[in-house]
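First the structure, in the form of structure tokens, and then the observations on it.
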Amino acid sequence: MNVVVNGESTGVVLGATLGVVVDGLGRGRRGFAAAVNEEVVPASCWDTTVLTDDDRVEILTAAQGG
Amino acid sequence: MNVVVNGESTGVVLGATLGVVVDGLGRGRRGFAAAVNEEVVPASCWDTTVLTDDDRVEILTAAQGG
Amino acid sequence: MNVVVNGESTGVVLGATLGVVVDGLGRGRRGFAAAVNEEVVPASCWDTTVLTDDDRVEILTAAQGG
Amino acid sequence: MNVVVNGESTGVVLGATLGVVVDGLGRGRRGFAAAVNEEVVPASCWDTTVLTDDDRVEILTAAQGG
Amino acid sequence: MGTGGATSLDALEAALRASGTAVATVALRRVDVDSRGSLLDVLTRVGVRLLPNTAGCFTAREAVLTAQLAREAFNTDWIKLEVIGDDVTLLPDPVELLDAAETLVDDGFAVLAYTNDDPVTARRLAQLGCAAVMPLGSPIGSGLGIRNPHNIALIVEQASVPVVLDAGIGTASDAALAMELGCDAVLVASAVTRAQDPARMAAAMRHAVEAGYHARHAGRIPRRWHAVRSTPQQGAPKLTTIDLGAP
Amino acid sequence: MGTGGATSLDALEAALRASGTAVATVALRRVDVDSRGSLLDVLTRVGVRLLPNTAGCFTAREAVLTAQLAREAFNTDWIKLEVIGDDVTLLPDPVELLDAAETLVDDGFAVLAYTNDDPVTARRLAQLGCAAVMPLGSPIGSGLGIRNPHNIALIVEQASVPVVLDAGIGTASDAALAMELGCDAVLVASAVTRAQDPARMAAAMRHAVEAGYHARHAGRIPRRWHAVRSTPQQGAPKLTTIDLGAP
Amino acid sequence: MGTGGATSLDALEAALRASGTAVATVALRRVDVDSRGSLLDVLTRVGVRLLPNTAGCFTAREAVLTAQLAREAFNTDWIKLEVIGDDVTLLPDPVELLDAAETLVDDGFAVLAYTNDDPVTARRLAQLGCAAVMPLGSPIGSGLGIRNPHNIALIVEQASVPVVLDAGIGTASDAALAMELGCDAVLVASAVTRAQDPARMAAAMRHAVEAGYHARHAGRIPRRWHAVRSTPQQGAPKLTTIDLGAP
Amino acid sequence: MGTGGATSLDALEAALRASGTAVATVALRRVDVDSRGSLLDVLTRVGVRLLPNTAGCFTAREAVLTAQLAREAFNTDWIKLEVIGDDVTLLPDPVELLDAAETLVDDGFAVLAYTNDDPVTARRLAQLGCAAVMPLGSPIGSGLGIRNPHNIALIVEQASVPVVLDAGIGTASDAALAMELGCDAVLVASAVTRAQDPARMAAAMRHAVEAGYHARHAGRIPRRWHAVRSTPQQGAPKLTTIDLGAP
């Protein structure tokens, strides 16, 4: 199954949760936020949010900005 | 019957038209526009627009303005 | 004998020195400067500077100024 | 004999006048002014002003300027 | 030219003639049965085109209705759209303005929109189909001139419709500056009508607009930090025996 | 108008005609035997009065000698007196300037003194008998306009002789402002001669001077912090059922 | 202080400390798996409060979503709301901005709204319930300072919420002026982070804000056309035999 | 700091302390036998160095005599040399000023010369051996700030001695700007002593001078016509299904 993570197509196992994808980045979870298909998913729901094919996932964190 | 012409309560005969009220100002019709109850009434309809009690009539013309 | 001290005509005894006039103001000598007839007289010379009739004496000190 | 005309050393015959030098430029005399050794010489005196060796002659006219 | 502020119709007529303007704004007000003279007669006599305004409107709804009444009264599709936000600054309210502009454009009006000097609002007005955008230099009647030339220049830079500087002009050099910034025209009212000698100020404005227009197109010299000679030193005489040179 | 900076005599002639100027400055330089065309012929043809300058002089002595030579060459007592302090700013040197002015006034010249914008120096020049004072707006050729309008206004306020703004003008609105500040005339050179289209910029300057002159005498409206309506609210229609009023 | 533009996290940390700021803005961007160091660690170490922004959003919808994500990521209801109109001026789009502000206020955010310098838009933002309005001095990163102090003063005059000057600050005197105009705070990013010595510029800004704040409350002297002596003439000595007096 | 204009010695003392100044100017006036308190005692207590001035002098001769008297009275070679041209503008007279400066330098004084903002006069003063030049921002007590920053920058550019901005400062941002232009110090009198809260304004000035000094040396960002992002778009999330892009 493929999902689009931060703009890049990424293969994930069927039934993968958002939590798995976030953890896969290897940067922990603190200071992160995520959206699936342009809807916010609170961190408390990441492990219960099962992704489906072609989901658009945005995983975001702090960057310098004015 | 009373209508409000340019903010002042004015007695008119029952069945009076907007045309009658405009003419009553004694300044002709050129360069005038009129609204009844906040709706524009084109000059071509003035003589067929019959007023009813408490109608709000605005009769306007050019004034200096920036 | 009369001398003009800071613009005002003032009677002094014949042979009065500049030092006597300065002391007469009752404010000590520190921070004061004096001129006689538009010439500076250093403090060290005040007691030996004998005034003559109509001398113009200026006795000056600090005032607020920008 | 040599004179310096407008900064350039120039040979002239002995007894040459300022008038001769001006005419030598071939531009007429109208609108010209001349100085010899940093002194103004009026045009009326050019033909009677005899130059001597090493005289500094400036011959000037209108140029664009603000 | 705006017609507001004149002390008499005669003074207004003289100023309009002196200004050489092609267009005059008028407001729409209740018929005053006691008034003498007719503004419309004056404007007809001078031969200017009427540009009715919606002065005094605070909402899109009022402004749209006023525009429609003006169309009836003056038989013109032109409208100077003013929708202001408050009574103190008389500054335009961008939300109501954009709302009214959209309605009026759809209703077939040629909308000349009086707006603040925000380039984004000006661009939105142009995109909605306004016939012209009319950014302010400073608040109406303030005479403060063009407070933010940078914004006016940005508006011009991205304009797809004519830009007319409106409001704030106090004197002739303000009008010249507006044209130099690239505006296509200038609207002045109080600056002329409330000057001590309105006809003379109107003439001044006419010259100022010409001046700024030509200066804009003549290609001005760049601004430089240091001086640049206008008289060349080449050919300068040597008039001192000691060469002093420059420090 | 100043004649410096023009790329050709033809361009200069066109600009002079377009400017409507009555006076043109010229410098005095060594005769160039190779030059074609005659500046004097152009100026005669256009019919302007010559105002020779002392451009490039650093000392009173040089300036006095230059003025005397100019009198011989052009048969005029008029002199635009320039004595500059250095080659970078080309700013006038007030000490040498006052010195030269005194000598030339005594020698019968009508001295038009190019000076900085210091009101005290300007007053001294007038007291010495100068025919006019010519304060700068900003350094020669910089195009920075009038850097210190306050000083120009102070000079005008206490002037006993005509005040001509000289140097720094970059575009038409600068010239209009000079006149609005009360100057009696404006001298422009580079702003016209070095513009991309000199004749057009000259026309712009002519209009700008007219504009500023009339604006000065028309009595401008005061500057106000808040807005002042140009369209009265009196007689405004009621076009909403709910009275919204102003916020 | 804004955190954008710093060349390294170390430089940023030094500047934040030198600035004495209590708040730092951060953007929300895709996780960069290669990046070293953590911005959040720096900000935590310095002890500033986070103010996430919605930089780069062109629509209300994007901005709202970004704000909600920021709330999740940083556990704060504060949001600096930016909705810009184009890529060239980066100026706010008032319509989208007001739309987003309304949604976010309803959603419980403390909205600090980055806006243009239009007093009407600022008042509308305050009326919608924004926690603060943040008018710009000039476009982001332009360093042009406060282009229209009059508008900033009008915004302050009618403000019911804190006013924070945002964008355009180039140097310390700009920040001091903002405070003198009555702003409650100043937000600077590029002016500090892109200065040659960011920590030093940050210190300069800290002093400037103090300076402007105290000056605002100390009651400045009025501006006067003519001079006013600071040294009284009373008691001045007579040091000339001839009374010269003043001219 | 200048000491003129304070309403009481107590207020002056508080302001001096708050300003952190190292130097205070004093004038020389006839002994007032009725005065209470001693200015000198205050200045000694605060620990500032005395800088006597020649305020009120119209001629070189008066100024020289005043300086010599000040040296006797205060036992210092320092003198702030003021020679003014008239009573209305209180502007320096460059001719008398240069004359007095030359005499005083020869007489061993450390001359700090109060001058107009003319770069040529400032350079002449430095060449004569003045210890510092003190150009004005605007007329004494006017509070008009720095009318011609360009001239101040030119003076600094060519200065061989310290430059102290004197006169015209109205508020803190003026002082910050002076330092940013490269001045070495700022002298303020009325702006502090005549503020409603002199001690607070003095503190504001102290911060402003620090701010401007550091900003000058921190290397400010350049001014740009268009915006420059402080938040990079790189890594921006895609939060819309339709790509709106920028207009």
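Each chain gets a letter, A, B, C, D, E, F, G and H, in the order it is written, and its residues are counted from 1.
Note that contacts are C-beta pairs under 8 Å (C-beta built on N, C-alpha and C of every residue); 3 or more make two chains touch, one makes a residue touch a chain.
Treat the numbers as computed from the prediction; the structure is a model and nothing was measured.
Fewest steps needed to get from subunit B to subunit G, stepping only to touching chains, is 2. Using the average of C-alpha coordinates as each chain's centre, D ends up farthest from subunit G. For chain pairs D-F and B-F, the one joined by more C-beta pairs in contact is D-F.
With centres taken as mean Cα positions, subunit E sits 34 Å from subunit B. Computed from the mean C-alpha positions, the centre of subunit D lies at a distance of 69 Å from the centre of subunit G.
Computed from the mean C-alpha positions, the centre of subunit B lies at a distance of 93 Å from the centre of subunit D. Listed for subunit G are residues 2, 4-5, 27-30, 32, 53, 55, 65, 69, 85-86, 88-89, 91, 123, 140-141, 144, 150, 189-190, 193, 225, 229-232, 235, 237, 239-240, 247, each touching two or more other chains. Residue positions 6-7, 35, 38, 58, 60, 63-66 of subunit A are each in touch with at least two other chains. Those residues of subunit E that touch subunit D in the shared complex are 229-232, 235, 237-241.
In the complex of the two chains, the subunit B residues touching subunit F come out as 6-7, 35, 38, 56, 58, 60, 63-66. Of all residues in subunit E, those touching subunit F in their complex are 2, 4-5, 27-30, 32, 53, 55-59, 61-62, 65-66, 69, 85-91, 139-144, 170-177, 180, 189-191, 193-198, 200-201, 203-208, 210-215, 217-237, 239-240, 244-247.
Those residues of subunit H that touch subunit C in the shared complex are 2-6, 12, 25-33, 38-40, 43, 50, 52-53, 55, 65, 68-74, 140-141, 167, 187, 189-190, 193. Residues 85-86, 88-89, 91-95, 98, 116-121, 123-124, 138, 144, 147-148, 150-151, 154, 158 of subunit E touch subunit G in their complex.
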